[in-house]
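Two complexes, one shared chain (chain A), two partners (chain B, chain C).
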Partner chain A sequence: MASTHYTPKRQPRLPLPSWLKGTLVTLASISVTMLGLLFVTFFIGRVMPIDPVLAVIGERATQDQYHAAYLELGLDRSLAVQFAYYVWDVLHGDFGMSLLTARPVSQDIARVFPATMELATIGIIFGIVLGVPLGVIAAVRRGSWIDQIARVVALVGYSMPIFWLGLMGLLLFYGILGWVGGPGRQGIFFEDTFPSITGMILVDAALARDWPAFKDAFSHIVLPASLLGYYSLAYISRMTRSFMLEQLSAEYVTTARVKGMSEWAVVWNHAFRNIRVQLITVIALSYAGLLEGSVLTEIIFSWPGIGNYITTALLSADMNAVLGGTVVVGLIFVCLNIFSDLLYKIFDPRSK
Partner chain B sequence: MTTLLDVENLWVRFPSRTGVFDAVRGISFSLGRERLGIVGESGSGKSLTGRAILRLIHKPGIVEADHIKLHGDNLLAKSEREMRAVRGEKISMVMQDPKFSLNPVMRVGDQIIEAYRLHAKASKAEAYRKSVEMLEAVSIRDADRVMKAYPHEMSGGMGQRIMIAMMLIPNPEILIADEPTSALDVSVQGQVLSIMDKLVKERGMGLIFISHDLNLVSQFCDRVLIMYAGRIVEVCDAAKLHEAKHPYTRGLLGSLPRFDEPRDRLQVLTRDPAWREAPSVEGRL
Partner chain C sequence: MTTETQTLRDWLLSETPTSRRHARLAAFYKGWLTLRANHMAMIGLAIIALLLGTALFAPWLAPHDPFVQDLAFRLQPLGTEGHVLGTDSLGRDILSRMIYGSRITLYIVALVVMIAPIAGLLVGTIAGYAGGWTDIVLMRITDIFLAFPRLILALAFVAALGAGIENAVLAIALTAWPPYARMARAETLTIRSSDYISAIRLQGAGPMRIITKHIWPLCISSLIVRVTLDMAGIILAAAGLGFLGLGAQPPSPEWGAMISEGRRFILDYWWIATMPGLAIFTVSLAFNLLGDGLRDVLDPKDSSS
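Let's turn to the complex of A and B:
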């Protein structure tokens, strides 16, 4: 007699606590994403019409020297093996030597990245602190003069070329008014006067309690950071406004009003709570964009950041530096995404 | 019967580019400690009437009336701040779908406690205890668990009972129920209605029950206002709804399917343009 019992297939379950499982899944997804990124950067490096050997030994080397270098770089092996070595090196923090600076790329990045991070962080704080309230008020007072002002502010932020605003800012606040420091991260008299711990001058100066240096560094960073902040403000305030408009017409907002709440409490305690998740995405993307290094701002303000570094490397065919920089930027994107996913789980009970 | 609320010549207007649209056109009625039904089709102005009493018509909408008096106190003369003391504490409202009318990212308990503490000086612990009591009053078992839950974890019927608990916790005198059972399954409609009925009776409140369901209103209410195109076309005792005289009400009744008189084809309502222009009937006690 044939058995007609239906036995449901059991999902093989690992006897793991859920937080550990969640962490493992997250780690697995990071590894897959990063492997993909490495794959792409590696093959871009290989298809570029730049001979990696010539880039190292120069145009005038003999055939023997060329061949020796060719072997030393491992170019005789298959692409798959080369890729495996590349991944192995990257995992050990080795992105190769930079041709331009003749130092390991990892050291270069450790030097330039804090500069960008400092700038981006102050920029995004500026964007959040001003952009979010502006967007909320523009939504609540829709059509009022403050909404119109917010619209113009955002429009200017979207449409003005940053190099022009940067130059005008330097001309006015540095050249004419002398309110801020000029290009660069700090004045020449303050260089190397305190130990570099984090690489972020504001933090290092504060750690060393060197307040004149702190003030000097602040006067240098304030203009480029507010410029970047202005751009994120434009984006963040527009997005906040449209998220809020959507929530303010929701029924639960009417419920809150029926309860007899003040308009202020309705807006912040009810409607705003519901846009936090969307807002996190916008802010995380905006911050990631800034951390990538805004090339134009960094060039105009002679800011030795990662945008400036990658661009210079690219223009001089320093592929190790370009690829290393790309991988680091990719890693930042992945990390910020994971961070915002974590925040979702805190702010939105439905995502659990 | 004492009059709780008296509305005289209420208009709700929406200015638009093509002119002013009048959604509610000069209606007058009063409410005692009774269950007053307002029925009509979509767009007849019944919901806006409810919201206009609370002065919760969104801009650019305008509420105009000779008066909206609560115990002889004109609500239209109040400032926004004074109005906030009326909302929730004196007049409250339950809306159609608890899926949308409860805040999705706040715990049920926090939302109820908030409603209570807006009008009563009470410690958190006391408000919590009071909220649990209120949840039990709307037949929610396991109230402590529900207090900690989020709205998406509740069923529709439970959500609406939570909504009723939240709206009744400051002990208002008038409850406006705007289609409170339309979004619920038929099986839980009766349960939610009987809970609401019990609480309204116990507390001696006035209830304005807005619905498009004639059968429901005739069973559940004491008095019914029938609205058409922003006006009241007829007022009658709920029990005598089937004796209604106005051709619009007759048409609505005629278009309902009935168990005792099966028909192949239901009557279609034919509208007489004259109904629109006929003066509004007064809906006073």
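Let's turn to the complex of A and C:
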């Protein structure tokens, strides 16, 4: 029976090479995620109890003005059409006008974003430079006092409210000791003394060879950046330690030791080499976390970055600015996630 | 007395349980013994018990009314007679406010814990058990929420819903459920294909029964660990929203909001912001310590220390 029965061989529906298919699937899932992200922000904008029309024209407008603005904002169209227009606008970098600054939100974000990036980048460098060696040493000398210190450092990092630690840092290093600059990015004597090219003060000051200004900017950034750095250090050192422990218990490490290799070579040339890809993933995620963690830090240090921008907008019900900022940070988050996934796929042969 | 406890202990540790309840109690007791050996976890547990007691007996413990202002006694330093932790800018007793604040913290944590893990468990087990399109759609939605930075999404939600404790809870829960869904789905996938599930299915059990009676109980232990470790994050997020003025509103003695009030005086009157911050730190540290200990007991495969 079975032998006479003809069973058609299953053909793949699209005759595509596997790498192209994989890329298409990845691209499709990325665009679905991005669309979902936009849908969530669109939805938040719709459920807002504040009337978007009144927000634009003010309380004392006539009924005709209200109706005209209502039509201009496209609120008479169906939700699906409104969403389509919203996606179209966002794809063109148009997030609407900010009520607070009376400028396009996209321009505002372009202006404030470098400040956040500068802060987060210095923070992540701090986290990597201290966190990776700490994690490796904690794994190699497991149970020693260094391991205990690493454990406490991480535990405190996971449990400390970042805004409170920032306040305490400001109190101690600025208020009492006077070692660092106060809130803000620059002292008032250095404002506008050199051209803004990248928007990152340290880079701009260095480009202008204005070393006193550079020193001043550094004294302002060092505290918030090391605060953010501490949080990424807690995470990076913990992950490094657990990755290293996994490698060090593998048999090839025993083999290398039996062959008489030095401990240094075993740890750094063999074990550490194998955790690099995982580590880059962790660092990418940690960087994304810093962009977010900077919201509270920026408030404490009056840092004119995107977190400060979103919060200020929020407190004055400037919804375009809030949602624009949310979309931008969300998209960066998604991109960093994809980037770390891709790295994993490219460099880790096991995931193929 | 000692012989009686001895026999109870023997009964609990016996190798041959006589009933289902006996076996369960024995497993629970063995877990407790392991947890008890972990000093750090016990310290965490003690702090949490202390917090519960403080919240429960707040009206008897607090020396003053947390809302009564006394402008003649404003900004008193630590150790002032009658105000051990000093007073704030409106002359309210900081210690009393912190004691009442523990109620708000526990209230927020309890609400989030009632919403997020259960929502995640539902989504995850349904996705994992049903498979196919249901799985794809549910997991895409989960990924979209995971893709958002948590605090910023919570900020946007609070912006839309309005500031206040309940909305802050909702916003935190909305950002906290996706990891639970991921975890529950992964567990369901491994459990679903096991032989005993096939056996139950052959006996005629429907999907509802399999999910609620046979899959959920196995997901619970890792869920508990995850929830305990998440508590610290929930407390920090709630305090952060309170600090930004988007969570509990003044004159509520929420710890984050208290720090925000004290921030204006930080350079001259440091204790106003410092004390509630210490409380937040202590409590989230306690949850982290207990969570680490519970992970060693309930989920030994994950422990790395």
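The definition used in the following text is that the second predicted complex is superposed on the first by the 308 of 352 C-alpha atoms of A that agree within 3 Å, B and C clash if a C-alpha of one lies under 4 Å from a C-alpha of the other, contacts with A are read in each partner's own complex, and residues count from 1 in each chain.
By our rule, contacts are C-beta pairs under 8 Å (C-beta built on N, C-alpha and C of every residue); 3 or more make two chains touch, one makes a residue touch a chain.
Just so it is clear, the structure is predicted and the values come from calculations on it, not from any experiment.
After alignment on the shared chain A, the placement of chain B and chain C results in a side-by-side fit free of clashes. After overlaying the two complexes on the shared chain, residue contacts for A:158 are found with chain C alone; chain B is out of touch. By the touch criterion defined above, A:31 lies against neither chain B nor chain C after alignment on the C-alpha atoms of chain A.
Look at A:330: by the touch rule set out above, it reaches chain C but stays clear of chain B. When the two structures are aligned on the shared chain, A:270 is found in touch with chain B, with no touch to chain C. In the superposed model, A:295 lies in contact with chain C only, and not with chain B.
Touch counts on chain A: comparing chain C and chain B, the chain ahead is C. Once the two complexes are laid over each other on the shared chain, residue contacts for A:261 go to chain B alone; chain C is not touched. Legend: residue contacts after superposition of the two complexes on their common chain; A:252 is shown touching chain B, with no touch to chain C. With chain A as vertex, the superposed Cα centres of chain B and chain C define an angle of 80 degrees, given in steps of 10.
Within the superposed three-chain model, A:171 lies in touch with chain C and out of touch with chain B [touch as defined at top].
Of all Cα pairs linking chain B with chain C in the superposition, the shortest spans 13 Å. Overlap of the chain B and chain C interfaces on chain A comprises no residues. Within the complex formed with chain C, the residues of chain A that make contact are 29, 32-33, 36-37, 39-41, 44-45, 47-49, 151, 155-156, 158-164, 167-168, 170-171, 175, 241-242, 245, 288-289, 291-293, 295-296, 299-300, 310-311, 314-315, 317, 319, 322-323, 325-326, 329-330, 333-334, 337. Across the interface of their complex, chain A is touched by residues 140-141, 143-145, 147-153, 155-162, 232, 236, 239-240, 243-246, 256, 259, 263, 266-267, 270, 273-274, 277, 280-281, 284-285, 287-289, 304-305 of chain C. For chain A in complex with chain B, the residues that touch the partner chain are 250-252, 254-263, 269-270, 273-274, 276, 347-350. Those residues of chain B lying in contact with chain A across their complex are 54, 56, 80, 84-89, 92-93, 95-97, 100-106, 114-115, 118-119, 150, 152, 163, 166-167, 170.
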